[in-house]
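Both complexes below contain chain A, partnered by chain B and then by chain C.
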Partner chain A sequence: MNFFIRTKKRLSRYLNAFFKKRQSRIGIYGPPNAGKTTLSNRIVRDWTGDALGPVSEIPHETRRARRKEGITISNQNGNRVTIDIVDTPGVTTKIDYQEFIEYGMEKDEAVKRAREATEGVAEAMHWLREDIDGVIYMLDSTLDPFTQVNIMLVGIIESRNLPVIIVANKIDLPDASASAIRKAFPQHPVIPVSGLEGNNMEELYEKMLEHFG
Partner chain B sequence: MIQGVQIDLISADRLDKMTTMEKIRLILDDVMEGNIVVLEKGLTPDEQSRLIEITMREITPDGFSGIEMETYAPKDSGSSGGLFGKLLGKKGSVTRMTVIGPANQMKTIKKDKDLISAWVSSR
Partner chain C sequence: MAHKCTQCGREFQDGSNVILKGCPSCGGKKFLYIQPQDMHKDVLEEKSIKQIAEETKEQFLEIKDDKKRPETARTPKRVEMYDRIESITVINPGSYELNLEKLAESDELVIRMGDDDRYLVDIHSMSNSSKSKKKKYKKR
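Right, the complex of A and B next:
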């Protein structure tokens, strides 16, 4: 009898290992300074007490994709999803080191930051094509959402049939307009939040359970 | 000699015969010389993704600083992908006219759903 139980358990373990789906990798994408790392830190801190990376007002602070594994999000109804959060460098089609000099950086430091930023953008695009299972697309709701980068990136995400939630960030600022973002991308759910203040995060977590679960 | 900017208009027929890398090289080589490229038919999302990636690899300090690109959102073409695509409800999209120029010479003035205004300077 013991032999059958042991065999059954062993077989079950092998089958689980073979068919176990890896956790979904949810990429946080968007243009530079949309608040991607602030939101990533907020999500990671809310569910694990940890943090993912430093933030700065100078664009391209995040120049490498960073992944935090095994974040379990749940609600009071007992729904839960375990995901990896991938914080990505801000996507753009142009980078000039002069921009960083305007923030007070020395030339050498600015050139280095620009070089790392170009590598980071290329890396972010590679992740999107190869390794991402769902996207939180971050937009600064005080800015016009009709930019080429936003239209292109949302098009790329749609062409890969990835589930996407658009986050209208910085709603704590007076010029914020989530409605302009809803108007620009009516085909996707838009959740207004303040990653910095933690406003309306519950709605975002509910949408993440619904979309990525 | 007249001072100005060269504009190259590339037909959809020519683009259809090219591979992804041929299109990207054609665009970047042209733009890095200071020219404006107009594609009659835009790039697919995958081609756009690769264009961004390769553009980043071409950027140098005090040299090429990237591209400015303008196009409208792709149009939904309804079901595509043959019988399987129709059965799965898969939708296709039609790419649209696209303008690409050097980031230090081309600036977008205004963009909405059906109007794009750009400003171009000579080097």
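Right, the complex of A and C next:
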């Protein structure tokens, strides 16, 4: 039996070498304003020098999924993984243009933003179903992680058997609590980072190598 | 004033909110108000709860089931997320509710317009045909 397993492994290695499998697509998911684009920009800038998209304090700044291909992450031990990063619109169950008006937006613009954001969520869910091989789930560690969206979305990701890393973002803020997120999702690795300041990114990259490699 | 379960005799301190769902021991829904000095009287003086009630002339407290409560007292009935058929609800232009479960399942779009059970079915999203066509119908 062992002989068969060994042969199968060897064969799949050869086949992979000949027919190069497409790079893993890692989707950055999470509720609006968790810092998905900030983290995506940080990862892309750290490894390619580029940026992925604009950020804003108004929720739903990212309303279309954005992809950056061929990002190679490596460590000192020589481990490396090449991935595509997909920055997705914030996932939520309710989008109301009134929320944007509170940020000083004109009504027409706010309604347009709400419509685009709704399309964006549908698109993010489409990506999750078909094109994503692994997920970085972003959470704002200053907020309560026990929300309907978080529990539902992590459940959906789990049901698809996708590898997931939970990122507790905004640890640079005084009321951040990564431990609350650890408690909420003990079944997944939780990495506290500050996407804005770049704190603890090394640990995230190590975990990405381990999980998505 | 303390409460005493009329079914099993268990006593509860004044203001105890444990009894709001019924007696935790026997599930009884009827409680007698009793003075602190009358507590344990049924055991000590071998009296039935009915006798104590007659002696003390205190009122009964009856916990009502949710079902028996008037309609207005209950939270409005909402269809569970999983049971809903629509993927997106358009409450009004610019306000949307998204059913993530449905969106994660497939690209097929069923859109509910407002609260009056009007649905839009995006046929294009349900077929692979390039001939796109949208159909609108009233369910009710």
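List of remarks:
Convention: the second predicted complex is superposed on the first by the 195 of 213 C-alpha atoms of A that agree within 3 Å, B and C clash if a C-alpha of one lies under 4 Å from a C-alpha of the other, contacts with A are read in each partner's own complex, and residues count from 1 in each chain.
Here, a residue touches a chain if its C-beta (ideal position, glycine included) is under 8 Å from a C-beta of that chain, and two chains touch if they have at least 3 such contacts.
If you're wondering where the values come from, they're calculated on a predicted model, not measured in any experiment.
With the two structures aligned on chain A, chain B clashes with chain C.
By the touch criterion defined above, A:Met201 lies against neither chain B nor chain C after alignment on the C-alpha atoms of chain A.
Of the two partner chains placed around the shared chain by superposition, chain B is the only one that A:Glu158 touches, whereas chain C remains out of contact. Shared-chain residue A:Leu209: touches no atom of chain B or chain C. Within the superposed three-chain model, A:Ala51 lies out of touch with both chain B and chain C [touch as defined at top].
Look at A:Ala114: by the touch rule set out above, it reaches both chain B and chain C. Set side by side, chain B and chain C differ in how many residues of chain A they touch, and the one touching more is B.
With both structures placed on the common chain, the touch criterion links A:Thr147 to chain B but leaves chain C unconnected. The contact surfaces that chain B and chain C form on chain A in the two complexes overlap at residues 91-97, 111, 114-115, 118, 121-122, 125-126, 128-129, 152, 156. Considering their complex, residues 44-46, 48-50, 52-53, 55-57, 59, 61, 65-74, 93, 103-104, 108, 111-113 of chain B touch chain A.
Within the complex formed with chain B, the residues of chain A that make contact are 91-97, 111, 114-115, 118-119, 121-122, 125-126, 128-129, 144, 146-148, 151-152, 154-156, 158-160. By the touch criterion given at the top, residues 81, 87-88, 91, 93-101, 103-107, 109 of chain C touch chain A in their complex. Note for the complex: chain A touches chain C at residues 91-98, 110-111, 114-115, 118, 121-122, 125-126, 128-129, 149, 152-153, 156.
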